[in-house]
């Protein structure tokens, strides 16, 4: 039985949810990963008003869409980042407040906890999102951080997130942290370290998005094999290396589509990800959650792309045999 | 006539200069790129004491070593970085002072200007070094910076460095900024942008170190072809990609030699750099300055390595024909 | 006019033939390569009972399926292998008898001759199968065999198979020996040698299955170019190399799907075979026989896979131009 | 301090030991891995005659050669192989006896035990060699073995070798089993299994010869990382893949140098092994034993080759830094 | 809005235009690139008879086909080639005349001018075609031409083509010269030179056919980036390198499909062209003209192929986003 | 016993022979391939004056140089080329005469015959050189030649060269035609055809220069395997592909060293030729003639390069074993 195909609503925050839902249904999606920005989902509103969640579900149900996952990447980013001007545009005004870093981080943490409670009200078992990182700026550059700087940062991370994860546990909702540059974990080995910093607590797993691993040179399938029990959510997004001899990999800061970039995001199936291998990897580890299209492609009309992506994912997904090879996992 | 082979003294700051000089001479080096840390070169001391510079030159001359280039990467880093605790270990106490960021940056700028004056006293025509960067932490990660953030940072960079470069001009010394992660420029396109921010002033060019370009996926020879008139100094340092499917490229923060890293620095000739192409590239653009060995290899005894590196560079370097193909440069 | 697409029934021996036939018809197959194991085809029964063959053909015709090829790999394996316990499960009880090697081989040879006679009764022009090999265990390992050991083995092979091929000739049926590890020929050069050992007699040609060549590093198209007149049957089966640095190619003994294997079989189109080149190679040599799907994929539900494979093969196959490039064959 | 460079005497069994020793000394070797065939080393003679071992050591000392390792691959092969005619040429007459398999295996086991006692007399801490395998012929081919067949074979292997290893333990000598096609272990995963079958007993480790792993597609460095404490000896031998589209990897049975082979052995440094990576791998795991040249190259005069190989190995070997990266091993 | 898909009628000159038009319409084409040979389009007839052009357009309109481009490669070839016997079959008798080279070239030039006038009458804004070259035979071989020989040839080229391009300008029609071996420009750098020889006049641009660049090792996308404003027409044609170790790239003179060739033309999507990158490149430069299938594939039935090619191109073409990345072009 | 290392004197025609000879001796060369242009060797002078040849040999003997091969590429080019202005600079005035093509070709043929007679006087067993080609300009480009055009050209070639080869036979000297673009044969398959056109006569074989095959994509070792008995001479010259996405392979007409070229010639060992494989290929076929350095490298001082090349070739050459693998040649 194939997995549910969702649309991640983040890149469509400019489209009112009812309009987007109608389109998503037409394109063939079976659900959405609903994002807590724009009018798609408002955390405090949702908690304060008992009619809010049912109304959202109802609106989506009219297009036959489910909501197994909600997302709050933007606020999560502020939980343990050094706060600067950029964060003001990421978080609601009431989280930003006076913008003093310690306060912003504290209010962001409370908002994330609230997000898990809202998920429970929506019947969504998973919240996806970012963590931020106290030491992202040291990952590359000069001077390299001493090991104790890294160790301290991991403690900060755990201290900030453990209370949020306690709320998640109480709500019966899991956190699918998206392994992504800018976060406490961005590749296989940093994911090991982050999981250890939380003593491997069950509420914390990963949103697996192969595009971010691909351009770094990490094989997405190796990631799946390393964390077979911690894949709590999956993003379908493609990326292609466009190294021309002049462009390099540290070029994600140029605008999407700029030819000076050494990698680009692409509509699924049009980049360098080996989706056949990814899908088999998901089958091997027994992942049976949804596949959410996180659509980005600077060279394609987005509505054309979102529609073709849904079809692509449906073609991609196939049943493993009854006697699954995951028996060999060890 | 082959180029001079220098030893970059930075990684040997723990070795007293007279001891290092004797070894370097034995290993076959013809000069040093003398670094302003450890006891190798002290900026304020050198400017205050008229006997200091001649004494250093004399000490080195006893091992038949020249000093065509001096280096001050560590202080340069503080000129336009956001200052944090790591910078205290990079700069002299009198630059750090009370550690308040604006003051540290100001004093670092003054120290860099002083470094150019000291170069003049030593008869060195080039100072190599770093610039720092107000926006390094935004190069990768989340959220991506808006174009105006980048534009502002470039203005800050120019504002901080133009006065230093005025001093350089007055001293008749050029700045060979090392294109390197963590700096205002770290690849080909960011070097374009940085040069533009300074309106291409003549005092500002590059230390070309192919190792930092290689792991990013940038072809070092393309860099030479793009900036034929701005290569003011060259570092000989090798790097190898060690992508195993599990390691990625954003792993420079793990200790050297750690197998979780996706790239490693190597003794010249033992990594992935195509030195044949690099040398021909240098010949094509008519570079006739020194070649400085910046030796790093976590898997090799450093004295063994420094000796083999000197021989490697001498074998590498050959004469282009009288009628040089640089005629085709355009 | 496209070639017939067949289903090789071997991997479905657990499914009664009438059930399988109905499914195969629905999946789009035009015929079967009927295997002499399970209830699909019983050699002695078929020869003894004049109604048997017509009944089989009738059963298949109800699903619009033809039978241009029958297969007897398991008994063929015993014709010139050193017999051990594994062979008992390959052959019918009356072939195994007391299990003494010489007798088993003799009875296997008789059973193969009978298979050709049964093919004639079914109107099938080709029998596919294995040969076994007296020296397979020496192909790799230690110590390497002396040339005379190889020469002797080839004589044994010819002595065992020539009488069977005489029967084939008399029945007007050809033997399409599947080039496969474990057999007298398993790659291009061993196929040359085997053909020579039989003095190139016309009854003996090959079942071309590119998957077995691919993982050995042999280009399947070169095989077609080398033996343009000896391709008597074709298996469509894909394989993918999954070398991770830890797995090697001598890993076919691990279970299918086990990640320790360095290669895996795959549903056609999902592995590493260049089917475009294979199809053009078949067109170049003028092969106009059927294409039989030999379906194996440890990571996919087999019914889903068998259906998609049939569609894949139909899309793959196209008409060469009237003025065929096979004119250049020479 | 570089490692000792030895000559493996096996391929020179036709040269009297005194002649070979003189040549080896001239070529620059510092010792030999002395083989128990030809006149180089005779096990029973050496045990029976107390003067034998000192005389051998004396003969070698005259050419300044040490004997840290002795080898008995040929007899080891017979310990758990199915015995056939080929084994007669591998073992001494008194081991072959009447050639009945069970007896040959038993006497081969006793001869191996004797070899360990002779090593002790010679002051050699390591015996290198083969194990044979009850199931080598099932590694590739048809039909694949059932898991219980493999399990039984591993038990046979353990039963045959445990008594020999007891003798090794009592003699204070370790067994460096050469991972090699034809043996109980021939790649990384089969080495895991073999080690487990012996419950990881300390006397049993590996002779690491990267050439045999290379052509199978296994990365030799991954082998070192997997078994950092079990590398008891190292062979320096190169191999090159010569896949032309027509040749495959299962071609080791063609004579050396035959162009139908898909791989060839080569004089060290002239094949496809990444020796830089191998040497660093040995440094990482802290291997400080000898490096024995096992010279094979069908396209080169062997004396020319043995001399160049010795120089090659000496250039290859370099000191790791005092603070070794093996700290990261985990 | 996707681009028009045309069929280039050249390879179908043996098919009467009405028959071809009916087929093209059924295959899904929206127009044709009508070629001035066979009965498809006759230049002098078309200019002399005012009813000719409307009749052609009418004939095509019956199959819903447009004619935005006409082609005259064969006559263009004679404009500045050294004339030999091969040209007689390329041009109409009245152009060949007595075959004296100077006269043939002159009459070919007049015929090309006439072609532009006919285009105007047909309402086609573009003529595609070849130029010939006075120095094609010197591009490879011995001895290499001196620079002044090249310079003279470029002057000849300009002198011959400028008057024709004056006519094109007056007719309001552009010349889309096909960059192709045998012509004045055949790769990126020769296209630069040819454009310079005409002082970059606006009437002269390129028919971009990636197949001819691919086998030479030129990246088609780099060509688009170099000449973003000069792509006046596009051919969709695929090519595949078939280097086997024995075949080389200078093998275009063997017949199509001959296995001695090192490259072959292929039905679109079945060769080596990265169409995803080509399409994005066309989007980047804002090309909105038609895509003409120039169908050649020696291994496929041409009618089957022309039909699948039309579908392939339609699937290939997609809308770029409203905010196009061509903003980054510079 | 290693092969003789020669210097091909062609690129040094501006250096008087006595000066060049002294240098060549110092660089380590053991002989020269003496070229019939400049003052190195004058054909008519050498035939007319009985003292000429002994004087040349004497001059060379003073530097310990042998002359096993003489070369006349330039005149050979004119034997069956279409003659144009470029040929005037290739041939002596008395061959050019009035420059009418038929006469030039005739006189060039006579000069080549004379060259063979001069070789006999010098004791050189081989003349190397070019053939020219009536159809070189049709090898690539448009339109492709019809098969009968090729057949006619091959007849012309045979008609022109057979009388010269008769002279060669009578003089006991062989012609080592250099397979090279611009000649009747330039790759493996054209060499087959050319040899057939001469009915395989013994006087006609090849100068094997791997550099010209390499950039075409032809594996030089395959050439050796195809013509094991026809390698009459060897040139050691390296080439490197420098495809950047913008440069292609049809770029040999740009000046050496120009970065627009897609390939460059290089000092031996600094390009892309796999010399290890080439040398083994020469050993396999039993070639025991000289190895002549034909030195070209636009990026290196030629005297530096000629000296390093001689050392390179000496290191390259090694003895095959007594029992040579050429036994497998077939």
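Per-chain residue numbering starts at 1, and chain names A, B, C, D, E and F are given in the order in which the chains are listed.
Assume a residue touches a chain if its C-beta (ideal position, glycine included) is under 8 Å from a C-beta of that chain, and two chains touch if they have at least 3 such contacts.
The structure displayed is predicted, hence computed values, not measured ones.
The fewest steps needed to get from chain C to chain F, moving only between touching chains, is 2. Ranking all chains by how far their C-alpha centres lie from the centre of chain D, first place goes to E.
Note: the chain lying farthest from chain C is B, by mean C-alpha position. Of the two chain pairs shown, A-E and D-E, the one joined by more C-beta contacts is A-E. Averaging C-alpha coordinates per chain places the centre of chain B 48 Å away from that of chain D. Taking each chain's centre as the mean of its C-alpha atoms, chain C lies 39 Å from chain D. Of all residues in chain C, those touching 2 or more other chains are 245, 255, 260, listed in ascending order.
Chain E contributes residues 73, 77, 86, 89-90, 130, 136-145, 147, 149-150, 180-183, 186-189, 213, 216-219, 221-222, 226, 241, 243, 245-255, 260, 262 to its touches with chain F in the complex. Taken in their complex, chain A has these residues touching chain C: 225, 276, 280, 283-284, 318-322, 325, 328. Touching chain D in their complex are the following residues of chain E: 244-245.
Contact residues of chain E toward chain C in the complex are 255-260, 270, 298-302, 304-305, 308.
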